């Protein structure tokens, strides 16, 4: 099954890129990729370290969460990823990344959405990066990981997940996504970059307002969509 | 005495890992490992630099603090380590790490416990990381290093040291520990990671409350204890 | 055309230096160099990554913005660079750098000029680094990149661009320049360095005043101008 | 003249160590070493970059500031170094380091002494690191570099320069020193380390008080002086 091998390779490389970009330490975080035709998802095995990670640590999971052809347990966050593909795959989301990168996690721990304070943010995220509501005690105790997916989808309710391809899970950390694993990892990197700047903007000028909507639109749509003129044709 | 050689090797590698993980500079910090059968402890020699450190810099110490088979003086913090093994070895603490890693030390210098603001903390420390009381002038002047152990044990009085395997010594810095030297070093790394985030959370949202107890329990116990489901079986 | 090849090489090396000095990630930022004799400008192609960048990614642009001898689109910021050379080349500005380096961008996002708080700043920038006014909705929607040049020139109105070779574009990020590409890159590096320090000065002592004008003059003019005595003759 | 060659080598290595320890960028900063017998000082040539620095960039200077056996101009800070040796050499100061390391410079720019908030500071600096007064306009305009030495000596008036081997020059940056070039460089490194922590302590707990004097004494004198018990005999 060549297709699956390619997806596994893509998932492995994306997981390793998280480490190289200093977005994770130890065994933290995970990347999944999704095949919309078969409904299969490839995700990192649970708790495996990035050093020495191999293709055998990429686990194939069916939509119901069962594992194909691997003795390894998939990431404990598997139900979150499956829930997100269920809702966002039709919009084009084919890869999801979860990290505990420090500055994005700080905003998540403070339960605050990340405002757009400038063009660096506007170039990649159209509007603020939302923060989920806190989960109830019941949602935490029962089906916790699936409920993480549920509050993410709620937080994105009025947002196109391809235009705002990131979320902060309250008291937890960021999830990002994209059309490819490369995109999803890159969004994790950009999110961390702008989260750091935005934090210090709040400390430097506590009354700071988001950048003008016109500027946010201009920068986003010069990069993405039919009128884009950034990059090579 | 092969057993001692293995422990020395473990202590050396853990000391070197502190350097590699940017948790120490110069000669600062130390790692000890403890053998519950013989009551012997291996600890870094005092004031030796990490560059060029070798197995000969690992000193074997008896419970009364006397040195076996080495011309080198053990770490000046030896009485602290011995005091902690005396109280915590029965709980399973077999390795102790001391660093001056910057963000953990900042909390220690501000004499504040480190609250649990999110799942990154909850994944490894169950509840806040306590801060000791400040020592009295007498405690500092007489038997200072042993008294450091004493205030640590006091600070952990109502806490299982295996579930909360770290402490901040007021005006000083962090100690962490674990069942193995690897664990103790990793806890030092995680402590530094969450201490940095928590600092900025306090600056970003000064009124921030700790994460929900349910969330703290959920994350800790999905990793540790009989109901754990994180990682490979 | 040997002269153009030399300029292309200079532009390429300067672009790569931005990456090496951690002033950019991904495809962000750009360097241009200007030939005052021919009026030609060399600038990075739009949206190309720094990894694997080659001489072929340096695009030659005529004063009217049209491209010579390249299938590649020049940086989307091309009209900004052209506008700046139109106004500043006669003062000796022959290279321009744009980055989203984090601390300079924080000041830009807070729409604040960067004050001179000490000799590190005074050694390279004579007086505060100005911040542009925010652009109007119309200026953003029509001829955005050229208008970016316009507000930069406005912000420098009473300033010698060779003495203050940097600007912060409100809600966006820094531009720096110099007589050579090396100078322009170095000014980007110094700007980031002093922007970080100045941010923490504001947090540490919110009422901080700029360094004395005498000190600013002393340090600038011991490095630059007829009375300079820093460096080798 | 073998003795001078040895001192030059020592000065070169110490200059290079500043770069390796990330305490300087570009051509900034300098190290000098002093020979108390001949009264000669070796110091970095002015404005030379650290990359490619060689023994030929070490300039020998006589007590009156004139240069021996070199076509190169010594550091523009030469009169500061000479002034300090004139006052501190008899106390044992035989090497001086000047950097613009970021966190130490932040304290200098805020014109604040660096308080001792914990044992990391107390281990190397006995008491707060003083900050000089601001220089008058006249002191800046005439004999600026020598006057820098003058305000440093004033700031240390009631302090043993070997016990407090660092100073912050207001609106400028740190100078450190020691009995050897190694010591002086190490003090620059420790100063930067504790300056960063102390900054965040002030942000985290603005009302923070210095660590107890007893603790400061205990830590300093367990490392230095007749009662020291840290390190190897």
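Letters A, B, C and D mark the chains as written, and numbering starts fresh at 1 in each.
FYI, a residue touches a chain if its C-beta (ideal position, glycine included) is under 8 Å from a C-beta of that chain, and two chains touch if they have at least 3 such contacts.
Since the model is a prediction, treat every value here as computed from it, not as a measurement.
A.B. asks: What's the fewest number of moves from chain B to chain D, given that each move must go to a chain touching the current one?
C.D. replies: Minimal hop count between chain B and chain D: 1.
A.B. asks: Let me check something: if the centre of a chain is the mean of its CA atoms, which chain is farthest from chain B?
C.D. replies: Computed centres place C farthest from chain B.
A.B. asks: Could you please state the distance in Å, as a whole number, between where the Cα atoms of chain A are centred and where those of chain C are centred?
C.D. replies: The computed centroid separation for chain A versus chain C comes out at 33 Å.
A.B. asks: I'd like to verify one number: the distance from the centre of chain A to the centre of chain D, where each centre is the average of its C-alpha atoms, in whole angstrom.
C.D. replies: Each chain's C-alpha centroid was found; their separation is 47 Å.
A.B. asks: Would you please write down the residue numbers of chain A that are in contact with two or more other chains?
C.D. replies: Residue numbers touching two or more other chains: 203.
A.B. asks: If each chain is a dot and touching chains are joined, what shape do you get: line, ring, star, complete or other?
C.D. replies: The chain contacts form a single closed ring, each chain touching exactly two others.
A.B. asks: Pairwise, which chains touch?
C.D. replies: Between chains, contact exists in these pairs: A-B, A-C, B-D, C-D.
A.B. asks: Can you list the chain D residues touching chain C in their complex?
C.D. replies: 25-28, 45-48, 72-73, 76, 100, 102-103, 105-112, 134-135, 137, 140-141, 144, 171-173, 199, 202-203
A.B. asks: Across the complex, what residues on chain C touch chain D?
C.D. replies: My answer: residues 117-120, 186, 189-190, 193, 196-198, 200-201, 203-205, 208, 211-212, 214-215, 218, 222, 229-233.
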